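The next part holds the structures, each set out as structure tokens.
The same chain A turns up in both complexes below, where it pairs with chain B and then with chain C.
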Partner chain A sequence: MEIKHLPHDKLNDLFDAIIMSDYTLVGPKEKDGVISYDPIESVDDLPQGIIDHQNPGNYALQKTESSRFFAYTISPFSWKKFLYPPTHSLFKATKNENGISFKVNKDEPKYAFIGVRGCEMTAIAIQDKVFMGGDYIDPSYKKRREQALIVGVECYNTCETCFCDSVGSGPEIPEGSDIVLTEIIEKENHYFLVRSETEKGQNILNQLNLEKADETQSMIKDAQLERVRSQLKRKVKVSGLQSKLKENPNHPRWDEVAERCLACTNCTMVCPTCFCMTVEDINDLDGNTERQRRWDSCFSSEFTYIHGGNTRSSTKAKYRQWLTHKFATWQDQFDSLGCVGCGRCITWCPPGIDITEEVAALSESPDTYHKKESSHG
Partner chain B sequence: MANAKPKLAVWKFASCDGCQLSLLDCEDELLAVADAVHIANFPEASREVVPGPYDISLVEGSVTTPHDAERIKEIREISNLVITIGACATSGGIQALRNFSDVKEFTNIVYAHPEYIDALDKSHPISDYIKVDFELRGCPIDKFQLLEVIISLLAGKRPNIPTHSVCMDCKLKMNTCVLVAGNEPCLGPVTQAGCGAICPSYNRGCYGCFGPQDSANTFSMTEVWQNLGVQDETILKAFRGFNGFLEPFKEASERLEQK
Partner chain C sequence: MENILKSEMGFQPTQPMLPTLFTVDSKIQETHDTWSLFLNNSNGNSLQEFSPGQFNMLYAYGVGEVPISISGNCQNQNSLVHTIRNVGMVSNALCGLNQGDQVGVRGPFGTSWPMEKFKGKDVIIVSGGIGLAPLRPAVYHILNNRDDYNHVALAYGARAPEEILYPKQIMEWRSHLDLQVRVTVDSSDQKWHGQVGVVTTLIPRLNIDPDNAVALVCGPEVMIRFGVRELIKYGLDTDQIWVSMERNMKCGIGLCGHCQLGPDFICKDGAVYNYVKAERFFKTKEL
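Up next, the complex of A and B:
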């Protein structure tokens, strides 16, 4: 698709065009000390000049003089919370004279996501496979996903915790978004390069009268992306990892990581691909019921409780299940990695367990492996 | 319990009454509760006492005297289901702080005539004496959890009382983590959910009112607090709170004491 030029003061025109097409605009905004993806009304809500510092077990924002709208890297919670909400009503059952009546909610919001990053687009594609790929399709996810408009914005900064390139999920935005923006500031010139990837995206852009970008601008975009790639400090060596993890369930490193792991579930909650859920009936005293689905976690003991006992009672078994799923069994199940290198699990882990460090240690032969001092704490 | 309204009794042991008051605190749902169960023995609410046996006994408080150690056995005998409510009944409560010291010393200091005091060496959770059918944690308990238990009993289903961490509830509410983003010492990762993550929702660290979650790693939690610059004495006191006598909180404070 042809790359167009969007002056920074026309960004709101793009937002207006999206809102006019009946979308609920959600994008980054500063809230409660973090960059949060939430409903926004205009560019005034964007976290202009704010950057995020993310390190193992630590997150902090910093205000800068920059006029950049998308200077931050990623939000604590991914877009998962909109497509697959933390709690979701499946149906309501009400008692009446004729017995019981059921009501299924089929209305789903129509979202436009502003600022989807490369790793996040990859995560959405992974969850598409989970919820819409097999024989059993999740109707709520499907409706939300199909009616969503995705506006990707390429990264300008990286965090210490990012490792998208090594798992092939970024920093460039992969296929699947409707519109892609690159924010560029060169001297006094603040603009976006815009391209549509789908007809849905093109229909929005057609409402704006945009000029074609010149070739030098496209070159700046490419250089910007390569600079971002070169800034990535963490990486995971994926080749051969699948068999190493499967072959070494008793690697001594599992015991070491279990000493630090709090089994608090934070990593799975912030992970943009984790999809585990439980179903609960919420009753009232009048005998009415609402069946709800809510996020659950492989780190919760109740999640793996079946009649007679728990299939994974130790934290070691839970952590092993989680990491092995992300890098090995996910490939058997969905033909891709379950990790997109966003680093959220590293940032939001209170003891700062670094999944890249764990993978590196687990890749060593268990026979010659020697316990090393963790780089953290 | 299928036809007639189940008979409910509320019993008090060593406690502050806060948990049983949670039943009266149900306000909007109180009339519906009174409609669904026969409140047969609840001195805080009514002077009318209908004799046992009872279908459901809610027990508040810990066992601290030989007299109470006998009384709880009698309650067990006349109750179909015994549900303990609150930190005192499920862990020994804040008064279990004396379990780490010599109770004789305290009675000698506090009472003019300590010879009249007939106290056990330790403050015990109810489950040390009798079989308990369900435990509801918290200091105090959460009234919605109490309602959930009553409603579930009436509906004949297992109540939704999770044993996972407070962190999961924070994340389900989309709270900003006070520990990671605020460097606030928080016991949420080792504490069982149930309060609706109330303290982190108001930018404070969790106090551990609901006791340890099902996989609590107090060793790692201690290290996390130490890395935030918290003194060992403060960490010890944090673990030795309302649920200080419950493992592994007990073990964590004792480990710090031995250092």
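Up next, the complex of A and C:
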């Protein structure tokens, strides 16, 4: 796909073209002290010059003099909240003398996501397999996903907690987005390199009168990505991990991490691939009812409740389920990892449990493993 | 495993979380806390087909939805039967339904007892408590096709005499000369003249050829664990044993994540497993 040049003051023209095509524009915006993904109207809503400092159990924004629109790395929220909302109506029902009748809302919003990162595009592709790749398809997810326009923006900064390269999810944006942007500032020159990946993306770009980018600019883009890759501090050694995790359910590290884990569910709420849900019935005083789907977590206290008790009640078992699912059983189920290395679970873990550190410890043989002082305990 | 039979009527794959309405035709109280509901499709359509061991998600209006095994006869097209033990909010609402009330049904889901594979074999059915409900369709299937199977034995255990499920039917089955029926209770007063002890104690006394037998096991997990151990002691290999697993389920279609056990979603990869595949579930505590 041909790479075009988009001057920074024309970014709003791209947004307008998307809005004119009936999309609800969703993008990064500073809100409540974090970078949030929310509906935006124009480039004025973008968090210009704001960078995010993310460390285990720690998150802070910093305003800089930079005019960069996409200087931050990633939001605590993932795009999951739009494709697979935290609460969603499955059906409404009424009951009268003729019996029960159901009503399903089949209208779904048409979103354009601005600023999807490499790891996030990978996460969307992973959830596509979960919700659209099996025997049963989630109709709401499918409709939202199929009508969404995805505008990827390549990372310029990494955060301390992310590790996309080692799990193969970034920093380059993998297949699946419609338009990909690279934001470049060289001296006085602030512009985007833009390319379409799909016909849907091309139709939007056709509405803008863009010039072809020159060779040097493409080289800057490649160098920028390589710099990002080299700045990633954390990594996970994936090879051999699947069998190690499955073969060592009684590794002493599970007991140690359980001492630090609060089973608070934060990691699963911020995870862009976690898909567990529960259902809730909401009744009104007129006797009508609504059945909703709601995000759930394998750390929730009654997640495994059957008559007689929970089949996984210890924090050790819950943490083992979560981490083993991400790196081992997910591969059996969906033929991919369940982790994209976004680092959100590390940043938003109150005691700062670092999944990469846990994986490294669990990769050691349980026989030779000695209890080590955790730096975050 | 036999394929999941998807209904042509009712269940809509395009809206897999939307129940189909059924009407309670009749209900029977089975024990002090267990009822069987006989359901008919509210729109008059013919009933969905199912295989023995499969389950439906039953929805009680405004209360919730729970997985319940189908406990009726696959060949009986008059009604869809579920036997429900009142142990929670939803099962309480379901047990409280009366003739003419409506209930939402999604399914059938899950794997089934591979009855075709069992042809020509001796069949041992081991069950405890409400675990007889998902096995009853297998018993019906055998009785419907009795010549297909060799010796058949049912070993059933309940906590107390008054907890015995389908007592009249068990009496009736006992009268079949070609069906060995053994019942035991965990504890009882003097009014009970039958066997006292756990269900596993019945296994060694069955007239079955272990080399040519298959076993179908369903009940509390601890019963499965000891039942399998006893069957192996009796001479069966693990690949001759099938078990039915139970886990929390919110969807039945592999999307809610609740029923995960290792790499499996019990709702679609199970609930019925050959023990060779299920063995790993029993090896790790709180897997």
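Keep this in mind: the second predicted complex is superposed on the first by the 374 of 377 C-alpha atoms of A that agree within 3 Å, B and C clash if a C-alpha of one lies under 4 Å from a C-alpha of the other, contacts with A are read in each partner's own complex, and residues count from 1 in each chain.
Just so we're on the same page, a contact is a pair of C-beta atoms (placed from the backbone, for glycine too) under 8 Å apart; a residue touches a chain by one contact, two chains touch by 3 or more.
Remember, it's a predicted structure, so these values are computed and weren't measured experimentally.
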Partner chain(s) touched by A:82 [first = chain B, second = chain C, both, neither]: neither
Which of chain B and chain C A:192 touches, first, second, both or neither: neither
Touched partner set for A:156, first chain B, second chain C, both or neither: neither
Which of chain B and chain C A:319 touches, first, second, both or neither: neither
Contacts of A:295 with chain B and chain C, given as first, second, both or neither: first
Touching partner for A:72 - first (chain B), second (chain C), both, neither: neither
Which of chain B and chain C A:281 touches, first, second, both or neither: both
Touched partner set for A:60, first chain B, second chain C, both or neither: first
Chain B versus chain C as contact partner of A:33, first or second or both or neither: first
Chain C-contacting residues of chain A that also contact chain B: 281, 283, 287
Chain B-touching residues of chain A, taken from the complex the two chains share: 31-34, 36, 57-60, 76-77, 81, 86-87, 259-266, 269-270, 280-287, 294-295, 297, 299-302, 315, 318, 347-348, 350-351, 377
Of all residues in chain A, those that touch chain C in their complex: 90-91, 93, 95, 99-100, 102, 104, 130-131, 134-139, 246, 249-250, 275-279, 281, 283, 287, 289, 291, 293, 296, 298, 303-308, 311-314, 316-317, 321, 325, 328-329, 332-333
List of chain B residues in touch with chain A within their complex: 29, 32-33, 35-36, 147, 151-152, 154-155, 157, 160, 162-165, 167-168, 171-177, 179-183, 188-190, 213-217, 219-221, 223-224, 227
Chain C residues within the chain A interface of the complex: 4, 13-19, 21, 23, 42, 59, 61-65, 85, 87-88, 102, 104, 220, 246-248, 250-251, 253-258, 260, 262-263, 265, 268, 284-287
